[in-house]
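Below are structures written as structure tokens.
You will see chain A twice below: alongside chain B first, and alongside chain C after that.
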Partner chain A sequence: MASSLGGASMSQTDDFEMFTPTTDVEPLKRAWRNEKAAPEILPFEGSLVGRIKEQIQSMEETIEEYSRSGIDPLIVSLYQMDLDRTQFLLRSYVRSRLQKIEKYMLYILKSDELFSRLSKEEITFTDRCRHDMKKHFDESVLSKLPNNYQDILRQSITSEEDDMVPEPPLDTFVVCKSKEYLEHIQLEDEEERASSRIEEPFEMEANVLHIIRYRPIKSLVESGKIDLL
Partner chain B sequence: MLPNTTETLLVRGCCRMLVESYRRCRRSSIAARTDQRHTAVCQPPSAFRRSTTQGSLSLDFSVYLCLYLTNLQQLLYLCPPHLRLDASTAQPSWTVAAHRNLAVEMAGQSDPHLNLFSAEEVEFVAEDEMVEIVPNMRMDSLHLICGDYGPFYPQIATEVPLWLAIALKKRGKCAIRTPEWMSVEKLTQILEAERESQGSFQILPFHYVEISKLLFDHARDDVLDMYLVRSLIEDIRDVRFHKVEASLGSIDTRTSAVKIKDLSAMEVNIVRPFVIRALQAIYKHGNPELVPDQDRMTNVQPQGHDHGQRRPLRRR
Partner chain C sequence: MYGRKACQLVKELACGEKGQLTQFNSDLFEQVISECQQHHLELQSLIRKVQEEGFDLQTTKNEDHFGALIHHLALVRNKRCLMAYVYNRAEIIRSLIWKVVGSMIPPEIQEKLCNSEEEYFKKHSARLKEYMSKLELDLTVDMVPPKDPYIQVRVLDDIGEGIVLSDDKTANFALHSIHFLKRTDAEQYISRGLMEELRG
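Moving on, here comes the complex of A and B:
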């Protein structure tokens, strides 16, 4: 059941975005916003990050060359600002991924799907992070506990499954926007629908903000149809 | 499955409480802004500070705290940093910077996932919006990572991102053309329409709060009737916020998604922690298996204790 906080048509800035020339910065900004807003780790934008890195490097070279050849300091400073902005985006993107990895590494290591979303560097980071954390816990706490309670994943040896692995909160709510008209979004989970309230399929108009539970739209975020913000 | 009556009432009460505390926060921030000198902002209630040092927060308390922080965040965003926030208490330490530090410190204790983007990050995104400038010098095209702009000729208008416009403006190299919607005429229309239509919001650029703020800060001389425009925009924001509050009251136990048409970036960012927390609470109450089973937990423990106490008695 959607309750509406407003009416009227689509906003002006969205018209705008269609006319701006396409660069790699827009997709990076999108990836950054999605990554910051999504509760779980999203697939790593490898080729995009690669291209951005190349551009950053060539921009650094250009700036160095310009400042050596005595071009107007104003122009150099503008290029420098542009570089700083792009670097901020990239760093913030990478950093928010690392934060998620630190938080949910045990879960990520258990799930093949999530693990396959990491970049090579992130895999190294995850392994080292896990190793260090285990070592730290072993040395400071776990080795002093009775034998049954020394596992890092389980509360005690009698637990049937790993019950001390923090999981990303997929049932949290996110603010999102669809690029196109989407219909037949199932807001309810399978069992819930069978057991309970009859819910008509949910529709989303293009470019209208919605606050919605993350789990039902997870696949749409991954396929790029819905943007988080 | 709809929650049973007690739980429905609980959720309703919870929502009402959330809305109430939200209004209280809003009132204090509006009161602060209507003060001409932008000086009288409340200090955080001393209870806040106590609670954060003790590190334990009850639910309603943390909700209130969270709201206070988001309002503070918004307020700090709008205040020039050198202004003292609370003149009456004359405590030299309570500058904006001190508030900001406190906000950061306290935010560490609330759920970081709810405060996804800082006001500065929202502003960063807004700086990529395009504006028209009139340069007063000759400059070749700029081939930036975010796109190609220029070439620039004196007196010939061209479009650039806001950050570039501000950088040029700061060095006195151009005049920024105020966007069309930032005229007194347009804004008066919008304000009137905003007051008349209760259910919906007028169409304003997604980043209108940030764009207008940046222009007020960096291009005062380019904005016609700046003081009037500024107060119009503040009025519009207040009317819109009042509407947001009103519509928040319509969230009930059957709400599983909220549609927000034409709300701007900063407005979304401010209500986000509040709405998400409320929706999460409702979702949890609608799904009993997600709520930790309190009955079982409390039943098990006393039984264990009982046995422990009885045994020695029997032995005697």
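Moving on, here comes the complex of A and C:
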């Protein structure tokens, strides 16, 4: 009786262990890698983060239970290590998003597309950061300049557009691979294509590494067809 | 020569060690600001002159117009340099904040900041803290991927005794003592320079 009960609970935890790595840790790792490698901020994986947080909590409970019930410390520390790695992924993911926000907040606030990628908490954070940064710039530089030169986004009132907003370097090169066979990827911008004669459509085999500019594959990264590394 | 001082200011940034703050050069900074004001005065007087002579501002292309243009461009360039100086410093400040979120500004950093930067440091640090508490996630630990849940550390400063660790045990972190700790417990002390990791 006792052994069958023990067996049942073991198989349950086995199921749990089988369940987590295949479902949510892998997607988190993907989201984290993409976020790390992409020059601009990507859509926030809200539901994934929510699920991971729940799983982290249940793993913490499991580990606590194990260490209380006197299971081999080695096994417990293996579980702990797994937990630590998941937590690192989550923290690093959130952190690299915040760092992008810190860096490009003016640009993100200007662009509806990028702004819509933020989570609720990130929006509050961005708004407040912008406020703090503006105050800092006003106090240290802008208020001391002549009247027509006090804007934080424009060099002077004669500028026709916002010409002082740091933008993410979308033309930077990224290492990426595709999950499936993709064809007709246009690597050049419209103008470049008009000037160059080479009209070779670019194709990507599944799982082959490529190093290309981010801008042409931007939409494919967003739709999840291409992963960054 | 116009723009020379602003250039020096930016050069100071470029020559500094990456990720390290230098003393805020308020002397040079103020000089560039007053140069800007000077440009603006000259610019205005030239514009007035064009107007007084009865020319149309938009279409006239005489020497006064180009004189005014040069003052305008010099001013805009100075502004870019000043902004770059403050902006890049703000970036370094933010990267330093990540190491000490929630605690006081370390004195060796504080002495390098100007007033406004100090204010910014405090506020931004509070923002990060706000965000973390809303997410219920401490982002200051796990700065590098974990290899082992436990690490060996040496205490570099007298942190004191009776410090409660995450497993509810207390530890005595006397100067030079060596401990085997959970990495998450040790990390906050390592980032503040109070402990060092011993690698075998």
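Just a few scattered comments:
In the analysis below, the second predicted complex is superposed on the first by the 207 of 229 C-alpha atoms of A that agree within 3 Å, B and C clash if a C-alpha of one lies under 4 Å from a C-alpha of the other, contacts with A are read in each partner's own complex, and residues count from 1 in each chain.
Keep in mind that, in the parts below, contacts are C-beta pairs under 8 Å (C-beta built on N, C-alpha and C of every residue); 3 or more make two chains touch, one makes a residue touch a chain.
Predicted model, so just to flag it, every value in this text is computed and none were measured.
Once the two complexes are overlaid on the shared chain, A:Lys179 sits clear of chain B and of chain C alike. Legend: residue contacts after superposition of the two complexes on their common chain; A:Arg85 is shown touching both chain B and chain C.
Of the two partner chains, both chain B and chain C are touched by A:Ser77. Contact comparison for chain A: of chain B and chain C, B touches the greater number of residues. Of the two partner chains placed around the shared chain by superposition, chain C is the only one that A:Lys144 touches, whereas chain B remains out of contact. Using the contact criterion defined above for the overlaid structures, shared-chain residue A:His210 touches chain B, although it does not reach chain C.
In the superposition on chain A, contact is made by A:Asp24 with chain B only, not with chain C. In the three-chain superposition model, chain A touches both chain B and chain C at residues 77, 81, 85, 88, 92.
Those residues of chain A that touch chain B in the shared complex are 1-9, 11-14, 16, 20-21, 23-25, 29, 33, 36-37, 39, 52, 55-56, 59, 72, 74-75, 77-79, 81-83, 85-86, 88, 92, 169, 171-175, 187-188, 192, 195-197, 199, 202, 208-213, 229. Contact residues of chain A toward chain C in the complex are 53, 77, 80-81, 84-85, 87-88, 90-92, 94-95, 98, 102-103, 121-122, 124-125, 128-129, 132-133, 135-137, 139-141, 144-146, 149, 155-156, 158, 164, 166. Residues 1-2, 113, 116-117, 121, 124-125, 127-130, 139-140, 142, 144-148, 163-164, 167-168, 171, 173, 197, 199-207, 243-244, 247, 250-252, 254-263, 265, 268, 272, 275-276, 279-280, 283, 287, 290 of chain B are the ones that touch chain A when the two sit in their complex.
Contact residues of chain C toward chain A in the complex are 33, 36-37, 40, 72, 75-76, 79-80, 82-83, 86-87, 90-91, 94, 114-117, 119-120, 123-124, 127-128, 130-131, 134-139, 141-142, 145-146, 148-150, 183-184.
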